[in-house]
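What follows is a pair of complexes built around chain A, which joins chain B in one and chain C in the other.
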Partner chain A sequence: MQIMVCLKQILDPELPPREFRLEEGEMTPATEGVHLVMSPFDQNGLEVGLQLREKMPGTTVTAVTVGPEGAGDVLRKALAVKADRAVRVPLEQDCKLSGNIIAGMLAGAARELGADMVICGRQAGDWDGGQIGLILAEELGWPVANLVTGIEPGSGKLVLKCELDEGYEVLEGNTPLVAVVTNHETNVPRIAKVKDTMAAMRKKLELIDIDPQGNSLELASLEIPVKEVNCEIVPGEDGVEKADNLIKRLSELKVL
Partner chain B sequence: MSLVLTCLMDQGVLSRDSLEIIGAGKSIASELGAELAAAVIGAETGAICEAAGEYGASKIYSVQDAALENYYCEGYLAALEAVCRECQPAVVLFVTNAQGRGMAPRLARRLGKTALVDCLSFDADKETGRIVFTKPVFGGKAMAQVAMSDAPAVVVLRRRSFEPAQPEQVTAETIQVKPSAIPPNPFKLIERVEEQQEGVRLEDARVVVSGGQGLGGPEHFALLEELAGLMGGAVGASRVAVDSGWVSSSKQVGQTGKIVAPDIYLAVGISGACQHMAGCSGSKVIVAINTDPEAPVFGSARLGVVGDFKDILPPLINRVKEMT
Partner chain C sequence: MGLLGIIVFVIVLVAAVGLFARAVYQRYLILRLGKPEDRFDQIGERVKSVLVYVFGQKKVLDEAYPGLLHVFIFWGFLVLALGELQFFGEGLFPGFVLPLLGHSPVFFLIQNVFAILVLVGVLMACWRRYVVKPDRLDHNPEAAIILSLITGVVLTLFIADGLRAAMHPAGSEMAPVTVFLAGLFIKQGWSQSTLNTLYYAFWWIHALIMFGFLVFIPYSKHMHLIACPFNTFFRSLSPMGKMLQPINFEDEQETLGTQKINDFTWKQLLDLLTCTQCGRCQDNCPAYLSDTPLSSKRFINNLKDHLLECGKEIGSGNTSNSSENESLLEKSLIGSVITEEELWSCKTCGACQYVCPVMIEHVPKNVDLRRYLAMEEASYPSGVDNAIRSLEDRGHPYKGTMASRSSWYRDSWVEDLVKENNKEVLFWVGCTAALDDRNMKIAQAFAELLKRSGVSFGILGEKESCCGDPARRLGNEFLYDCIARENIELLKNYKVKTIVTTCPHCYNTFKNEYPQIDGEFSQKYQVYHHTEYLAQLLKEKKLTVESSFTETITYHDPCYLGRYNEIFDVPREVLQNISGVKPVEMQRTRGRSFCCGGGGGGAWTEEEGVRVNHMRAEQVFESGADVLCTACPFCMTMMNDGIKVKQAGQDKVVKVYDLAEILEIATQKTDI
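Showing the complex of A and B:
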């Protein structure tokens, strides 16, 4: 089986709000001095793909990203945890709120690679789009399982565990399919060994060209919300005093 | 007249989620001078159609088919697509539950559009029909205003961001829609495990006590359980606590977890990442207990306790015990 895992490079989502700035006069965040990382849910998706490969001999995992040359860094991270191949679909333009365009390009890559399964994260941690995996499935005409936490092989089929609002369901399906992955204790990303990270630096990244098509939603404005900070630190010499004072303040605020 | 279509996926009774969709739909429709419509899908749609009318939908599109007895994306999506082709809505509304998140992007794609997921508010211009939706991006560090000018605008509203609709009897017209085909479920359902929440539901709780990475292990969640139990509340968690396997993922609070709005939200050993705070910002009083006085959570909390939870929770539990 050929698994394609979609990985997006994003601004580190753990960047504290006070360090988050916008580019002067532009509707885009400033990137100078900020780490770029693999979007967290994509790390979970990659882990799901790698675990499935371990259980199904003959399976390959190909990491794919759409973006500029620098975005190749996420591919190297995937190679460092032993993805078989790494492919970049070049795209220079800033694609925000462009789910349809990116999904179309990823679908093109899936066709070109002859993938049987595409794994996406549920939501990129930058523009929080939350839809590319689903659109991609429409584009390819494949079934899609949403909020998947893990995939197991089972008697010629695949068994997918998916999260519900309360609880979960287990689905059985056939390839081709798209799995949109969410975080779970069973898909916490593995950590690359130093020697594999070094080796990944020397590996070749493949390129596949695909025309961007479609249009983006219209971003009318982008603003950093002003938040008033009025946190009152509860005084006290020790835990007991702090607990007492906390109870007192909660009563005064009439919530207790 | 243009339509605002609310998509109701319930069986038997309208859920709080659906009431929020209708509530938002009503205000968008009134701003736009549009009519409020509802799509009702299932094997037996009668009760929900009636309820939709009681809450103010004046046109109700019902897709009734034995195959649609239980929700599955493929079938419900085909039904919704047929409704949209029939009524050509200006706006189609969902909410960020598993169904809304799963269907809206696909429906939009089928209608040649891109959906907008996780919206908090809107601003509509009656003259031009242009609606601008506000959506948090970068985990809430920025707010994007996104203009949806060409119909249909397919939008997923953030749960608990819109007031649920109040009853208002209108004369409703019900239209039966028959999709040309209802595709079978491409997946076979092996099992569905509905997690029964013990005690108060997290989303309805008046007090929520949440734990994060700072708890250092699952054993300390017992303290949170005890405190929440005494206060008639429920326990929540950060993503890290869920990923560590300390608690079930249905307890995750945040942008990609539950949205809660209790009177007291107690964040214990949680740093206060925006993605987490997005799930509790509607709380009346947020209290943070954290060893690090610089933790961002103190930027969102009303009351802060700087210290180790191990020193603070036991006396807190004792005090609450004395009060009850």
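Showing the complex of A and C:
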């Protein structure tokens, strides 16, 4: 079985909100001095793919990303945890393309690679679009399972465990299919072994050119809302002193 | 003694020495299992170490009672060994006199005194071992055998010597025990022949006990009699901060870290053979004292037992079991000899090796084993994996922090320093001071002090990264190596000549560890911990104390500043400069300071049961201090938490400050 796992390089979602900036005069986030990482749900997706490979001999995992050359970093991370192949679909400034176009490009890659299954994270950690998996399945004409936490080989079928608001549903089916993965304690991403990381640095990243096609919604405006917060920390060594100072301050402000 | 007696003696002597030599040779072959390591530099310094620590018993005497009893037995035996030459010579060849010492009344007296001291030492040891029964001592027959042998050696020597003196008291006149016993024997009215028979009977018993002891030495913990002088000679002469050896990742590495016993170096194996199970390491180990599965003593001895098992076949020359032996050598230590839980329990605080009287280096062995887990298995305990991921992804170990490296100085005068990158003095803030709310105040206080002193300095702001210490202590040497090389390259972009940091871990890394990667690092940069830098500013009168700080202060020695870099006095001197400060010491202080629990990755691991920082907080309250002064961001975080928890039910409120914060308060102009 050929599994294709979709990975996206994003701005570190742990970036404190006040550190988020836009490139001057542009509608793209500034990346200077900011770390770029693999989208968290994609990491869970990769882990689900790798776990399934371990249970089904002969399975290969191919990591695919759509993005500029620098996005190759996430592919190296995938190779470091022993993805079999890594493919980049070149694209500059992907954030200006709608999800449907990216999904179309990924579907093209899946066809080109002869994938039997495509795994995506449920939503990217930057814009939280959550469109790719579903549109990709539509493009390929494959069934899609949403909020998958793990995939097990069953008797002649694959068993997909999916998260619901309360509890789980278990789906069965055969490839081809698209699995949209969410995070769970069973798919915590593994840490790469050092020798595998070193080997990954030497591996070649493959390129597949796919033209972006389709109508895109254009980004008309992107700005950081300005919030005015007047915050005053009431001093005090302990709770009693802080409470006294708070009452004093509230009286000064005539709130009390 | 007749010819037959001499022949029997020679046979017994040759047999005993032969068995002893064979056992020692086996141990030597065991050491050769280890990887190479160069410990042959600075010979003069090494000889000095042997004189100071072996003959001078310097570290042994760090603990009065066990130290003194050991000195009695050790020095007693050295003196008795000299006397043995006369004793055996005279027995074998009546009339034999050892030149100079042989019949010297003074030497007999000295021998008598030291023999008594040995007995006193043995009694003290018995009292401690069988009455006091400290937790750190094992209760096995080995110690009883050794103490009995020692007693036997001394008593038979006394009796045989007394019997000899009863026959011809040459030279014994000043030796009180000999004179007393000789008198006692004379009173019995025994004939010369009876005295002579009894003399030879005890002479032989003495000889047999001595030879038995000789043979027993290499098979018991008394191997330290032979191994300790060598282990002391080959001890690390660098500060503890340099104890971890780097890995050259450009070379093809068979195994990263230590998996099997022969992945250790010969010196690390010699450490194992040297251990005498005194338990001082365990007594000072925060992991052991907080009830984690780790005991530093058991760690060394489990490895030692495994090593001796491996060595059994090698040394005997019996190759029939060689395949089994090979499988022992191939056995992974982790999981069989030591558990992962034990390895991750270590705080790398170094208290174990600081107090070890026979110079065993515990921590590098632990980190070498962690290296295998981290790099070959990618196996970390819960919590630590997130720190490692965060280090890889964003250059700091604090996953989930809402702060950035600019949070502590945003909208203040410090902000301008980032833009000016032409300064020679760099304030390296470190991850914890930059990203943790409480520790940001330390960065602010120190920056204020530098400004107040007129020091022109810069900071790297968002360009700063972790120094790599957490990765290194957690065994991910590769990640550390990558981070260190990036930092070394980053610093080349600036005119920096002096690096000063408030974090002892960053300090240790720059001071001792980056020079292992960049040989010129020490020449290019002067590295200071902020306590050293502040002491210098005070000395140069660039900082003056303006107001008093009337508090009872206890100073907590951070492990990586104190034990790792021997900086004990400087912070205390800074505190003494501040009028009003009443210093008090905690019971565990300076070299024996108790870790806060935050080192070696402890800041990210989840402790169960008793927490190290809670224990240290109790020690703070016991000291009677109002203020706990630290000089490390990890200590600040851990102790702040510990004090908060242990504050309940206490009479007084203890505040936790960094040294920079106290000095910042004390150097404020009062005429505002």
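What we mean here is this: the second predicted complex is superposed on the first by the 221 of 256 C-alpha atoms of A that agree within 3 Å, B and C clash if a C-alpha of one lies under 4 Å from a C-alpha of the other, contacts with A are read in each partner's own complex, and residues count from 1 in each chain.
Rule of thumb we're sticking to: contacts are C-beta pairs under 8 Å (C-beta built on N, C-alpha and C of every residue); 3 or more make two chains touch, one makes a residue touch a chain.
From a predicted model like this one, the values you see are computed outputs, not experimental measurements.
Undergrad: Quick one: classify A:193 as touching chain B (first), chain C (second), both or neither.
TA: It touches chain C, and chain B stays clear.
Undergrad: Using the superposition on chain A described above, determine whether A:171 touches chain B (first), chain C (second), both, or neither.
TA: first
Undergrad: One more residue to check, A:217. First (chain B), second (chain C), both or neither?
TA: In the superposition, A:217 contacts chain B only.
Undergrad: Tell me the contact category for A:201 with respect to chain B and chain C: first, second, both or neither.
TA: Neither chain B nor chain C is touched by A:201.
Undergrad: Per the contact definition in the header, classify A:35: touching chain B only (first), chain C only (second), both, or neither.
TA: In the superposition, A:35 touches chain C alone.
Undergrad: Counting touched residues of chain A, say whether chain B or chain C comes out ahead.
TA: Larger number of chain A residues touched: B.
Undergrad: Quick check for you: in the superposed arrangement, does A:14 touch first (chain B), second (chain C), both or neither?
TA: After superposing on A, A:14 lies in contact with both chain B and chain C.
Undergrad: Counting only touches as set out at the top, which of chain B and chain C does A:226 meet: first, second, both, neither?
TA: The answer is neither, since A:226 touches no partner chain.
Undergrad: First (chain B), second (chain C), both or neither: which does A:238 touch?
TA: Touch status of A:238: both partners.
Undergrad: Mind sorting out which residues of chain A both chain B and chain C touch, each in its own complex?
TA: In the superposed arrangement, which is not itself an observed complex, chain A uses residues 14-16, 18, 238 for both chain B and chain C.
Undergrad: Can you check the complex and tell me which residues of chain B touch chain A?
TA: 73-74, 97-98, 101-102, 104-106, 108-110, 114-118, 132, 135-149, 156, 186-195, 197, 239, 242-245, 249-250, 255-256, 263-264, 273-275, 284-285, 287-288, 293, 296, 298-308, 311-312, 314-316, 318-320, 323
Undergrad: Which chain C residues qualify as touching chain A in the complex?
TA: 249, 253, 256, 374-378, 380, 385, 388-390, 393-395, 399-404, 406-407, 462-463, 476, 478, 653, 655
Undergrad: Give the list of chain A residues in touch with chain B in this complex.
TA: Checking each residue of chain A against chain B gives 11, 13-18, 20, 22, 29, 97-100, 103, 122-123, 125-131, 134-135, 137-139, 143-147, 149, 159-160, 163-173, 177, 182-185, 188, 216-225, 227, 229-234, 236, 238-240, 242-244, 246-247, 249-250, 253, 255-256.
Undergrad: Under the stated contact criterion, what part of chain A meets chain C in this complex?
TA: Interface residues on the chain A side: 12, 14-16, 18-19, 33, 35, 37, 189-195, 197-198, 237-238.
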